[in-house]
């Protein structure tokens, strides 16, 4: 038993962290809210670094890596609130596409939604993976119609997608596996965005003074943030463990994914409430960055199965 | 619309409060845990004051009062954690007994349990009212067998009761009404015992010092007790309103009782947790009084329908 | 005790219901946008013309002299009919009670009818960049100008709700620079079109331009812009901040209506198998009822002359946290659709402001502990 | 990362499981009563004889030199088999790590084997009537007796778990009367049969005599009763109070077993229609798993030489509040039977002590905020 990532995995994580710190600061997320959306600079840099195609086989220009290698990268995408379909492209689509070379190279962008009423970046992607009749189908630009729909996080660029033409790219088993990769990747992103909300808030409450002292010295504020930190501390190991189980084909992997996703969703929602409250009015301002991360947290917490959905799945397995 | 008790009702409450302060201090509750049980001094004084028979008609030596007059008295019985079947005798049994004179005078003690597996003071009472085949039945000493069973609050003196002989004293309607009086009275007792836990704890945290200051000056302790105080503040009106509805025959009275009982149970359970925590180790000591009230709160919170049971009943009416 | 409404009360309710159901506008855009605000103002004038804008005020100022119970009844009917949040509420519910208590007759005659008609739209100017929860940290200054017979105001107010759409501001300014904390403050009434005033609207959580910063640079106001005494601003502001605020800012009607909408949502989308959400819906119904009856109890006490006071901190915590729970439950019922920018998600974001504004709930819990329970301040 | 157990670990688990399932006693009365304690002591000796009392200790002191992972595996199997709370735990888990780090060879050789065999039973003497959460407020004194070559101890310790049944006490005493707060304290080891010691047992919440007050009146102890340096007691006590405490006092096995029992209870009494309780049962299962895997993550970090530190405050809050939730859920499943003085109600009362002892959770949350998040102390 050794529960730790390899040096290589940590180094890859650090590289992605640095890349996103440079290419996807809050201003980029904010721009995605307002303008054309997405973060093309970060996206092409991730393609170049091999991240987008990491799960493709080397024969398709990928790195032949597994979800265990990707989970820390998804966490960083979450920390940055990267306005791109990171998990849907790199973790859901690439491993199931019959020919992932173009997606691996970042020449086309894929997105995905399984059992969900709308698709993030549905109008922006070249390929959309959907569930249809218990199979994974892939529809390509020109073969589908995407209608944008307003979500609480405008940088997710939701759309409803209907298709005229689609190719079956995976059977029921592949569908289930794709869903679990999506749920796992989203759980990892939730861990990341939870860390971000907490970091932002810790900095704020150390600095902001009321009654002549930093508000971070008040016990109520301390306890709000301690609660968030505890939730993060105990959600994270179950997400990493789920990655291991999926990567190694553990027969209980789906249950492990649900355990991780439910705690990650709960931690993110708790942290969004606690950090908003710790900020006071400042967090409630659109001009301040907290809401960018908070709304992403809400959206991800409900995507790929919300916490009650995943607990119900665990319940069917253990009760 | 005038939501306030009459001067007479408040004066009666004050008299009972004084009586119980004298006759039922914590030492009496503690003695009931250890010795023969019950509080005979308080019980006969309550009989003498007319409280036990208050709901009997004047022709039977009672005062012809309603649950609206009794609700504040039950609250005081709760505050004192009176180790007697106050609600079962005065609010459940007396109004349904065909000849309540002896019970009204306190010559016999009645208890009751409807839809519950055991009876408080089951081995001590002269009369036991039970539900049987959708009716209220009354079994008298000699006609039933009571087997004591250990409850978490030893001063409740639980027993399972089986009877050889019993008289039907009420039909299905009377059974439903008796249950609602029991739930209402227990809700009022919960309000009282919640107040008591809070009073005891406020005194303690003002006095107890750690780190050179009273622990009541710490924000975490303040917030624990503020939460309990809020729960009490918003449970109480629904209990009083349920008393009005029962007393005036409102067709929705049962729903109103359930609303009051659910909030009163929740407030008592929250307050027991918060006050224990605010005490630190002291509250965990058997020699200190808090546990007497806390265990009574737990017992009453689960009696005559716990909070989820009553919410489910509200749900059937409103959803 | 008599929990039946009197015939007068019942008749008043019937009148309100009939008129509101016939007149309440549906589908208004948010009052926190420029377009929406204008439409809301029309609705305010319709209310005024029917004498429903300020039912509890004396007739001479545009009201009906309704009792507190009748006012609660009006509010229940208003929200039951689907009436929108009142864009005039900060004037009517925060400033007006203070004007009634501390205003001169001239101030009352001038300010109140114009407020009721929506001619003057009042924004509150409590918070400053450095004074949020800590109101006594106010830095904005009022300097006496003897020559001109008035005051010169300078400083910055922020988090001013709907400040970009309002015509006037009320707030505290430091009139005695030598006094500390809550001493030496004066309560001023300031027209936002005065020379030296700059208003900059900014977005709140849901993106609407519901907030403004108000910059005051040597703004002259005459002596009659002072409400209550000079240097008495803190006690003037606090005198009406307690019960009145708890009661009038958030009447039970709003939450009864929200709980009703939640029940409707449960019936339309609720999966009967999910007892956890069902239980949460029932809790919301019970909480809204508890808030309603706690209010009737409190109003009865007030009407019978009992003082209430710091209990308003309990009220504020209860309604604000109930409102968050109601909306969170609705989002749970919506499942994946919760993410859409629909009315429940909008309402959730609005609800999240409740535990923050008008004194954070952390401060309110301190108040309960210290003033209701008597725990030591330090 | 390799989340499979090694062959050695798996074999160790199989051995533990076989032996424990064959030997764990069932239906022992509470170890916090006189009768129960004696029976528990028999069980401790059985454990010792099979070398399962202290698996992680070196063989010379009665252990097997098991790795931290193996110790976790032993604990999982111990609780899975239904093993009772260890009455020796305060010695083994609180004192022993300190003896390993700070004891002289003579102290180790004398104290550890006797502790492992259950010859000496150690009670902790941290709290005093005036020093609960504020341990640095300790008043008990140690006065140097040069002539006799030792120390004279006086004062009162309280909340001493199982103090009435133990033979020895470890605790802090103020050896430098001029020093303040956490300075000038010394860590002493005191036999409870020494002249001048009076032990008074008293009941805890559930009525069992699980606590004691220990009065010390001029009790002489020799120099070798000092653990670590004179006046160094605070740092000696704190050095092993962090990770070790979080990890060793409450191993995941206990909560995995509790969650399993809850699942069994749900299956036996659970009404399939009540999804709220079902959801709470699932939450308990997930929480116990989270605690298990967080521990594996932490132990891996420790084994690879990373320092952990204040994270133990998170662990303490998590397990103690999880334990309360597990038991509260069980009481919900029991419905009206919850009130009976059965094992779940007993367990609930025991669980309620978790957020209080070993530093209240309020103090632990301060520690997390200040030491993990870096928020200002004042």
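The letters A, B, C and D name the chains in turn, as written, and every chain counts its residues from 1.
Please note the rule applied: a residue touches a chain if its C-beta (ideal position, glycine included) is under 8 Å from a C-beta of that chain, and two chains touch if they have at least 3 such contacts.
Values in this document were obtained by computation on a predicted structure and should not be read as measured data.
Between the contact lists of chain B and chain D, the overlap consists of A, C. Contact with both chain A and chain C is made by B, D.
The pair with more inter-chain C-beta contacts, choosing from A-D and A-B, is A-D. Seen from the Cα centre of chain A, the chain whose own Cα centre is farthest off is B.
The centroid of the Cα atoms in chain B and the matching centroid in chain C are 39 Å apart.
Chain B has its Cα centroid 52 Å from the Cα centroid of chain A.
Chain A has residues 218-221, 223, 308 in contact with two or more other chains. Listed for chain C are residues 274, 276, 279, 362, 365, each touching two or more other chains. Taken as a contact graph, with one node per protein chain and an edge wherever two chains touch, the assembly is complete, since every chain touches every other chain.
On the side of chain A, the complex with chain C involves touching residues 116-118, 149-153, 156, 158, 209-211, 215, 218, 220-221, 273, 276-277, 280-281, 283-287, 291, 298-299, 302-303, 306, 308-309. Taken together, the chain D residues at the contact with chain A in this complex read 1-6, 9, 69, 263, 266-267, 270, 278-279, 281-283, 285-287, 289-291, 293-294, 296-297, 299-301, 304, 311, 314, 317-318, 362, 364-366, 368-370, 372-378. Taken in their complex, chain D has these residues touching chain C: 273-276, 279. Looking at the complex, you find that chain C touches chain A at residues 127, 130-134, 137, 158-159, 202-205, 207, 211, 274, 276-277, 324, 331-332, 335-341, 345, 349, 352-353, 355-357, 360-362, 365.
By the touch criterion stated above, chain A contacts chain B in their complex at residues 218-220, 223.
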